[in-house]
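To keep things simple, chains are lettered A, B, C and D as they appear, and every chain counts its residues starting from 1.
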Amino acid sequence: MLSVIIFLPLVGAVLVALLPRSATAAMRIAALVFSLATFALSVALLIGFNNAQSGYQYVESVDWIKTYGIGYKLGMDGISIWLVMLTTVIFPIAILSSTEAIRDRQKEYYALVLLMETATLGVFLALDMFLFYVFWEFALVPMYFIIGMWGGEKRIYATMKFFVYTMAGSLLMLLAILYVGFSGGTFDLTALVAKNSAWAASVPLFLAFAIAFVIKVPLFPFHSWLPDAHTEAPTPGSVILAAVLLKMGAYGLIRFNLALFPEASRLFAPLMMILAVIGILYGAIVAFAQTDAKRLVAYSSVSHMGYIVLGIFSMNALGLQGALLQMVNHGISTGGLFLIVGYLYERRHTREMARFGGIWGKMPLYGTLALLFVLSSVGLPALNGFVGEFVILQGAFQANWVWAAFASLGMILSAVYLLTFYQKIFLGESRDTANDGLRDVNTREVVTVVPLLVLALVIGLYSLPFFSAMGASVTNLLTVAGLAVK
Amino acid sequence: MNTVAPFVLLSAILFTIGVIGVLLRRNAIMIFMSIELMLNSANLAFVAFSNQWGKLDGQLIVFFVMAVAATEVAVGLALIVTIFHTKKSTDVDDLSQMKG
Amino acid sequence: MQLLVILPILFPLVGLLINAFFGKHMSEGLIGGLASSMVGLSFLVSAWLLFTSGGGPGIVDLSIPWIKVGTLDVPFGFLIDQLSLTMMLIVTGVGGLIHIYSIGYMHGDPRFQRFFVYMNLFIASMLVLVMADSFLLMFVGWELVGLCSYLLIGFWFSNIHNAEAGRKAFVVNRIGDVGFILGILLIFVTFGTLTFPDVFAKVQAMNAVNAPVVVAITLLLFVGATGKSAQIPLFVWLPDAMAGPTPVSALIHAATMVTAGIYMMTRAHVLYVAAPDTQTVVALVGALTAFLAGSVALTQFDIKKVLAYSTISQLGFMVAAAGMGAYVSSVFHLATHAFFKALLFLAAGSVIHGMEHLSKGEEESERSGAPGPHKAPAPAHSGEHTVDPQDMRNMGGLRTRMPLTFVVYCIGGLALAGMPPFAGFWSKDEIVSAALARNPLVFGLLAISAIFTAFYIGRQLVMVFFGKPRSEEAAHAVESGSAMTVPLVFLAVFATIAGILNLPGLDSLSHWLVPVVGQAAEALPFNIGVATLFTVLALVMLYGAWALYRSAYVKAGDADPLTRLGGLYTFLLRAWFVDWFFQNVIVKLFYAGSTFLARVLDIGGIDGTVNGVGIMVRDVSASLRKVQTGLVRSYGLMMLLGVVLVVAYFVLSASMR
Amino acid sequence: MTPELLSFIILAIISIAAAIGMITSRNAVYAALFLILNFGTVAVMYLMLNAPFLAIIQVSVYAGAIMVLFLFVIMLLGAERLNERETRPVMRWHRPLAIVLGAFLLALALYVLLTRLGQSTASVNVFGAGPLEIGLQLFGPYLLPFEVASVLLLVAMIGAVVLTREK
């Protein structure tokens, strides 16, 4: 079942690649259909998911390279379930939003996007470290091409930076994986966690994993690839990057760092929390100074991802569950913001906020949708962001109230920069005649963002099912790691 | 005269001469011939050791070395001819397109 | 019965959804009527709740699961008791009247539909705030009303100053909200629960006075209150918030939202009573705010700014009362203030409406000539005027042009000034009496503030309604229509008689609230001496204002008589330079810091380091590249070197053995 | 001094002289001829080393076929006159370094010979190394390498043809 969900998009990619080059409409539809089918499958998984069970479900295990204890092992638990759901929701949306943004070489594009979905799902579902690494690196490649081929003016610079930076991190991870795998005698993650062995080299191992993951997250001060990559990527690329790819890092921190090296995690938790808090404040302050709308949203990502790391390294149930929910929330609100900025870019071919103004008056529906995403990102109660932020802050407060207090200042700053963003583009008077006669969002564009808004509202008003699905697994993780004392 | 040492000594001397030839000459053909000299000196050592231990394997290796040498000469000379056609020179210093 | 409890919230929600999705196809009357009637229905349900639960403990609790993580379990729980019912009635009652008023006031605005969507959202959010049974849910309402405030202040967003004011309000409120949320975090860490009854029970079980954690919690919550209720130092947003349409100023920035802080402290009085140190801080901040804002109101020219500072000042009274433990008086003043300040704002709106008549007159006739739906009417109050219709220096003599407005304005003004028998007299008297009994410093500040109050409202009445018109607009002002005047009359009646709520001797509000706030918070016995003193003082100040301003303004450009105060006058006019300080020090520092971080540290430092590593690798490899000469012989030489080294290694290591 | 040793010394001197003559010769044809002479002396040494089959092949294949190919190419290209004046300043240090390194390599070999092979024993036994024995070995244990060698030669032949084909 999990194999099917992982490789269904791959089948779609092959199909798209086989279509004649002129059949662009068919490619779009095929890509959409395959991603929606994947989504439908993931819904089926969700329905069959047993909330009370703390271990992995739907496990599939086949030997792969037996000599080294490498297997093809998949499984889903409460930690990965919402990330899988997020992935399967975001991809159809990204594909639907590509119609305007991607005009040339559509065949390659849709095939790559579907490949990307396979890779990311693989990352979230792999239970074998080696398999995880394969998917992890595999996810890098399509994104490299998506930015490099359909990106903006400085795309080569951006892709190079993105690729080399993340690659440098994953190299360390590969070394750590090999070390753990060979000295542990197996690459099976569940077996390794169950062994609960105190690694002699746990500090360097922790650091090797952590660097790979925090670069991906990205945690301050490893964030500098993100604004460039986001700004240069085409709209759907930014959406996928923000909504799904960054989560791989945060997911890895939980799955590997916390689960495998609880002692080292405890040792480094203060450092990680400090960096997370710096990231929250720093990302927000720097976002405020941006003039490019997309860059601003990119820096807001840095700030928001800081909350997630803060939650993870609070190392208690509240922090972790809040972080997991916030990953979904960030995917929704930042993904939405990128879509919003993208729609404007498609119309005006500029992202300089100084060139807009008064757009709400000219595009009322668009302005309203944008406002909702801004509010979701600000963390307004009744929308998704608030629940995640609050639970994380509560967890962080239990762990260390000083950092929680500093982190809460991010609530002010997010209001400052996001409302400034909104004001510069949507309020006041138009500062450019090119803004006259802009058409409001069309049906396709509305359909693309509405699912995200509905999710935002649902999570904001009724987060119970989200938390209850992850509760057992998080508790189990903390218990096995011996962290659930507090 | 059953000691192997003089032959190996000669082999070493010839090998060194071959090496110096490869390094000092700029003509591709001369370099090739120096390489042949080096191969030959190695062969001599093989045969000497083969004689010492009373085993045929050394001689068989020499046989294969000769086969490979023949191959190498055939392809190498063909390359030289081709390069000469385009560059009008057999000077290896003229072939420095690969410089960084 | 249980579900009935959330009906007051549901009605406005239904109204806003209908208006949001179908409003495009509905007429103004239908939209406004629907929105108003939904609020009216909420009011009726609240009233019904009042009668069914009256007398007894009157608590209805309903909870729907919401956030449940580990030990954190916060439901959508609603707690209806005497206190929340009081607030619900004020919110829906005053809110309903203002909705009706808005139908007239917003007539012709191109975003009429949106206005009522926001207004309904506000009512719903405010009800969530007052009905919540946990700190977190209260915070939800708390933030949502902030959102509505943001949206409504910036309602005419095409003028960037309005948008700016909205943003300022939201951000300043957020600063307070962070205090609030930290308080909530601390409550949960300390008590393991967030619902009011549980938290209060645990606080009482602690049985400690000034326990550090409780002091910390109460102070943090109070930070939230300073944001929402515009206390020092976070009051700076409220004067700017007057950029919104006048009904908004009346509803949100005078009658309801800004009182949320007082409501919250009353609700959490168990915590505050357990922390007398915080109480002292609260009382002093409230009194100082009352004094500061009262003094600033003396010098303002914008008709709404005067009222805004007056509101801050009155909120200071309430906060001070709450700080002194006089919760009943606080809530009492909250109620009367809601009536008379809403009345004043709406009347001011009526004045502005009248002042704008001249510039709008032509458009109006034009519109009646061609009432096609395609012809978009010009925005009614977007603020594009040659003469500022809100500047009192441009007014004068309006008492003859707008007689009804004049009458109700006088009633509101007298209530504000604390003249018997109007509502404000009774409630203010209770607070001042309590101050006299409990804290002389607070009493002193409040007494001076009360004197200021009488003076500035007198000044305003004289400047607006007496003397000769000082502009064309004032000369041609006309009385507003019935949609606006009927609510004015209603509010005027309430502003007159609302004192009945807690008349000395009757003390109905005190008795009513006892189950919530306890006996100790009841009002002190009526102090006839204080009452007389303050009545006399108010009369003197009103007369002083009359004497000073009756003939001060002949034309708009004349200097204010108070300019004789010199530097003090500027100091007051600029609101003690508090906002100046925020704008020029804190905001400028933030801008500079942000630019520095983004341009210098991020691009140069962090990104520079990353790129520097890349450049370093490139340069090193560029110099290493020279090794590749392309000459076969040099490669051969290198190879030989390698061979010699390797052979030497083997030979030597073998001979070592 | 046995006759064998004497003849070896004479042959060795001729061989070394021919090698030096080869690498120093200004004329490529002379160089090739010197090399043939060297190969010839080595062939005689093969005979002394009990390897008659290899001696014959050395003469016929190496000195014969391969060197004829060399001469043929030299004549074909007309490259017998060589002008190798050093022009590149970069390479000025090249020649001395090459000679020094070469000497060093030789010294290493001598060192090994003196320390190790000095004490080595004489030939264990006299054994047959005629064409028959070689053939038995080639088609016995060395069958696979033999076949691979044939494929290699075939590939080289095709390669040479393709490389020199006129477009």
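List of remarks:
In the analysis below, a contact is a pair of C-beta atoms (placed from the backbone, for glycine too) under 8 Å apart; a residue touches a chain by one contact, two chains touch by 3 or more.
The model shown is predicted, which means the values in this text are computed figures rather than measured ones.
Least step count on the touch graph, chain A to chain C: 1. Separating the centre of chain A from that of chain D, both taken as means of CA atoms, is a distance of 67 Å. Centre to centre, using the average C-alpha position, chain B and chain D are separated by 6 Å. Note: centroid distance chain B to chain C, computed from Cα atoms, is 94 Å.
Inter-chain centre distance (chain A to chain B, centres taken as mean C-alpha positions): 61 Å. Residues of chain B in contact with at least two other chains: 19, 23-24, 26, 93. Shown for chain D are the residues in touch with two or more other chains, namely 88, 91, 94, 98, 102, 105. Among the residues of chain C, those touching two or more other chains are numbered 629, 631, 633, 637, 640.
Pairwise chain contacts present here: A-C, B-C, B-D, C-D [touch as defined]. Note for the complex: chain C touches chain A at residues 65-72, 136, 139-140, 143-144, 147, 150, 154, 157-160, 163-164, 167, 170-171, 174-175, 177-178, 181-182, 185-186, 188-189, 590-591, 593-595, 597-599, 602, 606-607, 610-611, 614. By the touch rule above, chain D contacts chain B in their complex via residues 2, 4-5, 8, 12, 15-16, 19-20, 22-23, 28, 31-32, 35, 38-39, 42, 45-46, 48-51, 53-54, 57-58, 61-62, 65-66, 69-70, 73-74, 76-77, 79, 82, 84, 87-88, 91, 94-95, 98-99, 102-103, 105-106, 109-110, 113, 117-118, 120-127, 129, 133-134, 137-138, 142, 145, 149, 152-153, 155-157, 159-161, 163-164.
Every residue of chain B that touches chain D in the complex is listed here, in rising order: 1-10, 12-21, 23-27, 29-30, 32-34, 36-37, 40, 43-44, 47-48, 50-57, 59-60, 62-64, 66-75, 77-82, 84, 90-91, 93. Across the interface of their complex, chain D is touched by residues 629, 631, 633-634, 637, 640-641, 643-644, 647-648, 651, 655 of chain C.
Of all the residues in chain A, the ones that touch chain C in their complex are 161, 164-165, 221, 223-225, 282, 285-286, 288-290, 316-318, 321-322, 357-358, 360-361, 375, 380-382, 386-387, 390-391, 393-394, 397-398, 401, 404-405, 408-409, 411-412, 415-416, 419-420, 423, 426-429, 461-464, 467-468, 471, 475.
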